[in-house]
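Two complexes follow with subunit A in common, the first pairing it with subunit B and the second with subunit C.
Up next is the complex of A and B:
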């Protein structure tokens, strides 16, 4: 049976659904930057300080997961030929609960209130379960490109495992359960969240968009076939070892998962170097900085480097960078495409739909990347400093500078996205 | 399984991708006669591709396979959108407006990619399946200059 679903725009969700996710996410990055500006030196001294845990989740859930959810709802009908059931309802419910959950969890981690932690864990559980159920249904029906669909399915399972482990950690923090080797369990949780949910989704989406965006050679088939499933196997074995009290062996298997992503990152950089579209646009700059950050993070982690530095590279280098770069393409295209569709539907051929760069011009997008890069470099330097013997004042100033630049760049990202949406809305069609 | 139409038309898509990339590369040079030549080559190649689809492949497919009518209609309306962009591209090249040329090429590129994705994934395999005797012949049409 040939699959004709996803051919028409009627299958795609109303533009307001993904845009609500995309427009809210940068505000969480602004908040993370604000916290770094305020308490940066404390955050970068230890991953276990309360504000560090909050910054982590503001980025991982408020920014990254929010954008990934919005993008999946938008992309599934097109990439996998399978619309998400009740997409408006699912989108709104997911988003409200994700926002509520992220804010409450942050409050709970920062001030230690049991009520906040409970509300946070509960809302995240509800919101992400709704999301995973609806997209899970769409993905079981999906008949698109197999490698991408497989990676997306695995990523969704990883989201559920991350969620369950996160809730388990909350229960432990609330004193409801005693768990030996708490740190190992946190590490397992973050491995499923970062390598699993984020990493495998980046792979699945990358197989499609890297060749498409910049006209590069396709990814090699062996990579597309093995990378995501191997990550899933590595994480599963690591979890089993952890559950049976073999924390050290588990870490080794996580390393295997990280190596799979290293290969993916290296191949991605190579594909993009061999691209045919010559322009160095903001999306490409973001892909490069993100893949380089991922490579550095993996090398550092394998060499036993500072966890805080690895965290900055993964969360800010990849977690903020890559989605930002993708939004610079997705948002203008969606704006243009929906306007175009409306023009056809209303037969208003007297008006001319403005091209994509009218929605987000190239120059401000590059400037936004520049400000972001200042934030990334300053925070990387600040997180690396404690390993060296320098005056404490230097680290503090760098952390503040990084936080300030992150507030600016995320605010600027929000402005560019919002302006694109206003232009879309303001267009007389 | 016959894949003649899928293979040859997909290859022609890639040929058009290369021409679009070449047009973008030429914009960097600032030589407007070279830009004009590159844009014309791109538009000609794409128009020829659309003509083969609209005049040969799609009508034959619609005759034997009624369910294809709806997707074909969508493909043709996207061709119309792309032709609209060709026209605007021509005007911007004539006015030596670099910003508009780059913005239009970017828009065209994205529209083309999602259009081709659907043809390569759905329409062409459908045509190969429904028109096994004519597939090779249709594929050969692409190679006639």
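Up next is the complex of A and C:
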């Protein structure tokens, strides 16, 4: 369970630090949706087209990594009793460099140009190194919730490996180095980023927040003990095989890592089915769609399905879905938590702090999920169509519909998060 | 004295248990008590109660804790302290 015994209100970072990340992230999803609306067919026809690479990085860095960085800075002191040193400075520097890096890299991938790629790679390297160093220090001091801390440490190492591989790929693109088996190295970069950084962090955070927010039984200890370390071992062996030119064997080990996440997804669905309260809120709907997307993506990948379809399921289904659902809990919880803190600090016990669920009411959150689901289903269908050799006009319309729905749902997500923050700011305490 | 109504927050997700308890305290008549049934020991609540001028007594273990809360200027009798909530 959550270690609330050691929870200290004073250790939490200023609310502006995580909120800056959370309020910026949806704008990158809007941009990704806009690109899909504009060039959706091109993006879903091949993962190697420049706009496909841009959409991938807008989501993976601009949306997903942005939220994960903000959440880690917030959660480390609360979950593990270990504040991140100089958290305001680290938060601001990480975010500015992450935004600059994502935009520059996207410009470089879309239009070419060594300057954009260099600026993008350099900014991302600097920003994520600052983040990894500060959170790494906090994670060495962390206590309690051991399984979660181990998963977070491994996720942070995976972030660094992803970053190094990404910079290596930028150097290759710039013509500074020749690399045999370029596609395999891209796949390795993807595996460390999606299974390692994202997957292991989802596991570590999930072990705490699923039982807490949905009052479910705890995850089984065998899973918490082995899942993240096994992913790390699988990715490490895959990397060693790749470096020695054994690409096929490396793919097999990546499959083992994917299987670990499949087990985690299955157990998550089972825990949520056994929750204490039968209510199905927007967060739970997002968890379900994300875990089902992960299971489908793994099955398709293992069966040799279209990479673009796997990409849509992982990036839109899990990468946009799961953080969106989590934000519907995290943002109201933090708003409530900080108001409660302020009430104690000012001893204004005559004022009633608004309930958490009033910050983001359930009805608009469900509508937002519905619009997002239209985006996911339309993009899944558009990515699947080439495999069935259907008329190209259908795929184009579906891709554009998906892009449009993603713009709408992400814009709506931003509005709901911003309104929660305004409500927090406007409360007279 | 009439028995204080029971607040069963065992099936609620955080922070709903604390919200319900603080609501009940805000509506507490003079000399009244709040009796809570919780699935874990609510340590963050204790800190708040101390600062707000309330006393409390917790009994129980594992996933069933009974918490009796009162204003410090109206302490409970020994009989109230000894009373247990029937399972």
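Just so we're on the same page, the second predicted complex is superposed on the first by the 423 of 429 C-alpha atoms of A that agree within 3 Å, B and C clash if a C-alpha of one lies under 4 Å from a C-alpha of the other, contacts with A are read in each partner's own complex, and residues count from 1 in each chain.
Operating definition for what follows: a contact is a pair of C-beta atoms (placed from the backbone, for glycine too) under 8 Å apart; a residue touches a chain by one contact, two chains touch by 3 or more.
Please read all numbers here as calculations on a predicted model, not as lab measurements.
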Identify the partner contact of A:212: answer first if only subunit B is touched, second if only subunit C is, both if each is, neither if none is.
both
Can A:336 be said to touch subunit B (first), subunit C (second), both, or neither?
both
Touch check for A:180: first (subunit B), second (subunit C), both, or neither?
neither
Let me test your reading of the model: by the given contact rule, A:78 touches which partner, first (subunit B), second (subunit C), both or neither?
first
Between subunit B (first) and subunit C (second), which, if any, makes contact with A:276: first, second, both or neither?
both
Taking the superposition as given, does A:362 touch the first partner, subunit B, the second, subunit C, both, or neither?
first
According to the contact criterion defined above, which of subunit B and subunit C contacts more residues of subunit A?
B
First (subunit B), second (subunit C), both or neither touched by A:347
second
After superposition on chain A, the subunit A residues reached by both subunit B and subunit C are 2, 4, 7, 212, 215, 276-277, 333, 336-337, 340, 344, 352, 355-356
Residues of subunit A touching subunit B in their complex?
2-4, 6-8, 78, 81, 144-145, 212, 215, 276-279, 329, 333, 336-337, 340, 344, 352, 355-358, 361-362
Please name which positions on subunit C make contact with subunit A in the complex.
10-16, 18-19, 22-23, 26, 40-44, 47-48, 51-52
Note: in the complex, subunit B contacts subunit A through residues 17-18, 20-22, 24-25, 28, 67, 70-71, 74, 77, 81, 85, 88, 99-100, 102-104, 106-107, 109-111, 113-114, 117-118, 121-122, 125-126, 129
Seen from subunit A, its contact residues with subunit C in the complex are 1-2, 4-5, 7, 9, 212-215, 276-277, 333, 336-337, 340, 344, 347, 349, 352-353, 355-356
